[in-house]
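Listed next: structures, encoded as structure tokens.
The following pair of complexes shares a single chain, subunit A, combined with subunit B in the former and subunit C in the latter.
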Partner chain A sequence: MKRKLVLLSVAAVAGSLSVACGGGGATASGAFDPATCQGGTLTVLNQRDQTHLDPARLYTSGGGNIPSLLFRTLTTRTRAGGQEGTKVAPDLATNTGEPSDDAKTWTYHLRDGLKFDDGSPITAQDVKYGIERSFSPELPGGAPYLRDWLVGAADYKGVYAQPEGIAAIETPDERTIVFRLRKPQGDFPYLATATQFSPVPKAKDTGTNYENKPVSSGPYRIEKYEKNKDLLLVRNEHWSRSVDPNRLGCPDRIEIHSGLNAAVINQRIAGGAGADANAVTTDTQLGPDELARLDGDPELAKRVAKGNFPYTWYLSFNTTKAPFDNPKVRQAFTHAVNRQAVVNAAGGSSLAYPATTFLPEQESMGFRKYDFYPAGATGDPEKAKQLLAEAGFPNGVEVTLAHSTHSGEGDGPEVAAALQDAYKRAGITVRLQGIDSASYSTTIANPATQPQIAISGWGADWPSGGPFLTPVFDGRQILASGGNFNLAHHDDPAINAEIDEITRITDPKQAAKRWGELDEKLGQKALVVTLFHGKDAALTGKNVKNAFVSDWTGKYDLTALSVK
Partner chain B sequence: MLPYLTRRVVGAALVLLALSVVVFAIFYLLPGDPAQLVCGIKTCSADRLALVRQKLGLDQPVAVQYWQFLTGLVVGRDVSAGPNVFHCPAPCLGFSFQTDEPVLALIADRLPVSLSLTAGAMVLWLSIGVGGGVLSALRRGRFIDRATTVFVLGGMSIPVFISGLLLLMVFCVWLQWLPFPSYVSLASDPAGWARSLVLPWFALALVEAAKYARLTRTSMLETLSEDHIRTARAYGLRERRVIGRHALRGALTPLATMLAVDVGGVLTSASLTETLFGLPGLGQLLVQSVNTLDLPVVVGLVLLAGFAIVVGNVVADLVYAVLDRRVSLT
Partner chain C sequence: MGAQVGTAQVGTAGVGTTEAGPPPVRSARAVWRRVVADRPAVFGMVFAGLAVLVALAAPLLTMLEGQDPVTFHPELVDSARGGVPLGSFGGVSADHWLGVEPQTGRDLFARTVYGARISLLVAVGAAVVQVGLGVLLGLAAGLGGRWLDNALGRLTDLVIAFPSLIFSVALLAIVPDSFPRPLLLMLIMGMFGWGGTARIVRGQVLSLRSRDHVAAARLAGATPTRVAFREILPGVVAPVLSYAAILLPSNMISEAGLSFLGVGVRPPTPSWGQMLSKATTWFRGDPLYVLVPATLLFLTVLSFSLLADGLRTALDPRATGVARRAE
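Let's look at the complex of A and B:
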């Protein structure tokens, strides 16, 4: 360990509890070769354990990072970096789905030779059972789309209360599964990447206890699981690359340790002593101080995997209430925003970039550049004042802005204070209302407790414009009882109809183009003030290879990593 | 003695009951919906939310929920685990909203970690704190007294997440004398257990020892100026006997009370130390549970902390009686 690392480390401790990023040692030697990558132990150092290890209870995009080691799904994300990684790939199924009946029916055929970790064959009935058990109130937490999408599933209470199952999921034979939907859904192949689409053998289902020892269909099985501490995975002898074209399964063992401190995790990966040379993390980003220190160490900088998980932070208005029912007031707020200050408050340009569009800058989303109410880099307070005067507020307005009390988050007090400062220049008095982070989301998502304006964030469940725009702007998604994310309470029949039209499209490229156009239309209405999109940066151990980052997850993929 | 113990047991039961009422009340006065968090914040439909609320028992009036909690303590509770019903035997503190595990099992799982951390740290902080305090009082105004004052100021002003991180840097990164800590149980590997805890023990002990050194010094100085010490010296008793037998004994009584409260507190709320050193203890569990509005776990942990403090106080009273013969437990 180089002395420079220690000195920087101590400085970091004294200053900002950041990790030391000097020194670090050499990067992995030799090129990555999938044919010879097998062997060794990959260590994962995390702050938190999985919320659950039951596929019914996981809310993951693209099958999740750790879950994907254990649970295969009908489809999955393409294991590749950048935009290529935003494409859907077949997983248990032979293709990404065969649409029929105007994309209201989706048929999947399972591959040959699929087995659980106990050697028993995986059947279409196991996939159907896995989906149906996710409807049980005993197993909440999974993605909710199927309840709305499947014919007659809205009132289904799960396999324990209604063992007859859902009629809209048919399994004509052991290798075929058919889904009948209420409406056309071109994004169905994306949804089939969720862990609810992984098989569960009925005989092994122990309900809420299943997550203590779930049956694996992926390249690894659980050797030992101590919640909030250690999850030790070893090879699943009944899995092979011949039946799984997506996962490489290079390491012989994967040891996931959770409950660790973020600064300690980054320090350990940077230092790379002993097993830490083979370490990665799936939940710990590098902070701004840590990233700044990388400049002095090119070797360590090479070990930073940078990505862009599609996420937008924005200021939400309740447009049904004064003064935000007036478009000119909303436009004034957009003109006045100081995005440079907001990006700085969010950690600086290494962790965030200014957003003028709701859709992040990704091709798969259908990104189109627009900026209807330009604020420049630091805001246009004069234009904002003029618009406020035109709207009948020549002396400005006074509003309450809600934010989470969790420091360092995109909706935290730092960003709120930056907004308050910017709006002051435009004659807008902003009172800040900090809400405890544990209840912040539920408070703003409940119309009964929704504040006047709030800092909100939105990330899609899969990299398409549909799950990015629909919950936030579709009038039929307004939920009066809570869990409402259409915070603008925007309900425009023309927009709703356009959403329906786009969701029919089964070609992702065509759909992306239309989502981009829709985003532009919505932007014109000034329903939100977009603030910034996030960037991701995580370290890898010095022996870790093949750490590419896809634009679907913004992180490296555990199923592709090698330590040999 | 018996009437004293009976009074204390009844008093303890009432304190714990009052604690549980207060935690329930605070929980329901706060904003936020645990059912919504369990169901998933994103687009959980109203019907689904109602089912989840019903399954968690949150659809019942608060008084009914509290009554169920109390009956669970006496007769146990049943809960649906999906294909079967799970029975939680008495005393049942309920089930975690987040993980569905019985609260008592969750606590039992983590208690050894917190006990290990607290016990080891306590031995250290008492040794350093009391030893430093006594030396400081005996060498008043000299170098050792000033050094102890600096130590006290440092220990009290450097938070554990700084001192802990410094210990990690020095011993795990720089000197590489120890691996980064990862908790190992005492039963499986005693040496590994001690290795995994030595740094957290010191990190926690440094903060606490500072308090104890300060209190011991003050208390010792006060005792040393009392008449019976002067009398003991006048009788020609050896200084070691005067200090050890008479002065220290009197000075320790206020420490016993403070220790009783501190042990209960540290046992359940050393979350910073636990997180920094990757120890899956009760403090971490408390923070996680508060962040996810997991009421049954929060209530269980608050009751445990309360229980530890109440028991600690009883023990402190007993120690008082031993240390100071003027005290009688009636």
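Let's look at the complex of A and C:
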């Protein structure tokens, strides 16, 4: 379940499954001055629309890209390029949260002068109501963590069925909100960036219809919305930079058009005719055509915003079943992999980089370099053959590899074909089993239908090692009835205990170091074959400025862009 | 596959027989003379023959080149630029005669000649199924009673009018991968493509069955089966033969179309349609990748069409224009 939701979140937030940026370099095409950046119309050309416009139903990481124009949250991501952008920043609150009681209680105070787009003040009660709304079965889709984390919230049915609310969320006054958790959660400030932490005025709540006209707390409000087509935003007069240090809100209008084809989006932004000179996209990567042109077209190359969204693609196998219950077989599969061919199949080194670790190469994730079963750049078939022989398979093995039929995705047929070729050299016969992309993730997440090996992807809901490693390797997260992401079926009490221990740490730096060490321990067990980490590269229009890319989202930030 | 409906009608009109004339049988030598006198047909014959030869000799040719169609060469593509082949003209070199495929670095020449195998094999196999079914059902309709003729007539209408492309896509998507794809393609295309042949055969049979030699055979006590296969079938060979030649290029297009839509042969097996499908996103970055399969598909289909046209003219007793030119 979580993996699917993670994918949705990326679609909702950044609008991209394919992940973001490494360098975090700025690509502004001219001098940018926040003091004079106001004015003009920014155009966003996207393939997909937001799944929903209700803050309770949006599953975002760091508040999302388009949602962050409308909804402010208790905390948010720092609007800066590179690693700086992986830090949590206070948004509605005055700081990122005050932990007490061994990180089991988190207290927030709201800023002065916060207002909704109708001029009414934003209170702590509105934030509490917004969170409780997201528990309603009528409004599914939001991040699921709070149900597990809050005391006594597991069976809460939302504000419509149980208007009394959740006792573990206290609002002692209009400006203070306190969360009481079941277990220590050092990552709570990251979670408070999710869109379900945005305020909803109870008087304006229209249930499932709220998403047609949600009340804005951000720099823009909705002028007109036509689902899967146009979302037109204009300035929210009751918002100002004096109460929001994170968003710049430069353009006067933002017009978001969805339902477009990826190649069309890239061609329009590259061409830059008319309004397309002010265009950007939040869900479309550069295509092969544009990548091939970059060398000979420095003007276009300057308009590419590159970055890294923490995402890992890997080969998953059920380690409780033969032949993958034998560590030697798993090690052989790791030695034999040709990561260069896999990276090429995933779009080349501009869109992916080889992965020997599960954690992406980011400081905030706790990245720690290791490569226990080296494959070099293109694989070590001899070593693999030797290990297979030692494991009792001197004549090689024959396995079925599942992949999604969606061409061009990290788990698509191109990557599968590259793996098939690499394994053939090591005496491993791979039969390919294409599964329709709509049912692919549910098929592999259900132990009853889980294939022998599958290409899997994992993205975190926030840039920390916890949400990256826990769902995939914590033995208590194995779900027999589906929605299982511990595809290795790995259950080691020592690892589980270590996860609990790291979860208590409230200092992100200290926690990151521990997650990195844990990743290394897991890597030694050869539970998965890591393939590659995604990179992001997206075009900006000719007039677009201040397109920095953070390592949290891998995308330029709509609240920072200017077209003037 | 929609194209078949069109060609079926053209075929029916073109090779249909008149009530009066004798069965359109010519000596093989006369037909050959007429075909070689028809320049476009000769071009078609030569190029189509070459394509068949290349397809048959695919393993030999790739051995000569020293490559194979499935091995990846990641070192031959520029990873930073999305996997465009290194070097000019899509990486053409002494080792890789037509360059390499973007992203994978697989040899394009090897994939092209092996692709010809699939494209031709499926086209010919499907034509065999189409003609086989068409002749049998056409004979049955022409020789059976009124009831059978009506029933088969409606069935033929149904098959010709059927949205076969959509149905093929659906069918190909649900059949398990373990079933051999080329065979499946032949069967599906055969199943939807026999309508035209059946109509031609039925028409021919209707005009032949009242002939003297047929009546004589009946009176002499020949069984209906013998009458059908010994007295009538030889009379339908010529129109069926020229129609089958039209079916071939139409089948090639269908295979390419289905592979283009992703329901044709499975990777890593190459086919021209599949190569074209993958090449569409590369038309600016690596033009040769698009041009090779597109040009070959175009020329091969054209050749078979020209050959079919020449054959039809040569076999048609009323079309004397070419014969006169030859004399």
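One rule holds in what follows: the second predicted complex is superposed on the first by the 534 of 564 C-alpha atoms of A that agree within 3 Å, B and C clash if a C-alpha of one lies under 4 Å from a C-alpha of the other, contacts with A are read in each partner's own complex, and residues count from 1 in each chain.
Keep in mind that, in the parts below, a residue touches a chain if its C-beta (ideal position, glycine included) is under 8 Å from a C-beta of that chain, and two chains touch if they have at least 3 such contacts.
Keep in mind the model is a prediction, meaning the values are calculated, not measured.
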item	value
Superposition on subunit A - do subunit B and subunit C clash or fit	fit
Which of subunit B and subunit C A:263 touches, first, second, both or neither	both
Touched partner set for A:288, first subunit B, second subunit C, both or neither	second
Which partner reaches more residues of subunit A (counting touched residues only), subunit B or subunit C	B
Which superposed partner A:438 touches (first subunit B, second subunit C, both, neither)	first
Which superposed partner A:298 touches (first subunit B, second subunit C, both, neither)	neither
Contacts of A:344 with subunit B and subunit C, given as first, second, both or neither	second
Which of subunit B and subunit C A:119 touches, first, second, both or neither	neither
Subunit B and subunit C, minimum CA distance [Å, superposed model]	6
Doubly contacted residues of subunit A, that is, touched by subunit B and again by subunit C	263
Subunit C-facing residues of subunit A, complex	263, 286-289, 291-295, 338, 340-341, 343-345, 347-351, 378, 405, 407, 413-414, 417-418, 420-422, 432-434
Partner subunit B, residues of subunit A touching it in the complex	1, 5-6, 9-10, 13-14, 17, 20, 51-52, 59, 133, 136-145, 147-148, 154-155, 157, 160, 205-210, 226-229, 257, 259-261, 263-264, 267-268, 271, 273-274, 276, 435-439, 441-443, 445-446, 449, 461, 471, 477, 479-483, 485
Partner subunit A, residues of subunit B touching it in the complex	30-33, 36-49, 51-52, 54-55, 80-84, 86, 98-100, 109, 161-162, 165-166, 168-169, 172-174, 176, 179-180, 182-183, 274-280, 284-285, 288, 290-293
Residue numbers on subunit C that touch subunit A, as the complex places them	70-72, 74-75, 77-84, 102-105, 177, 262, 266-268, 281-286
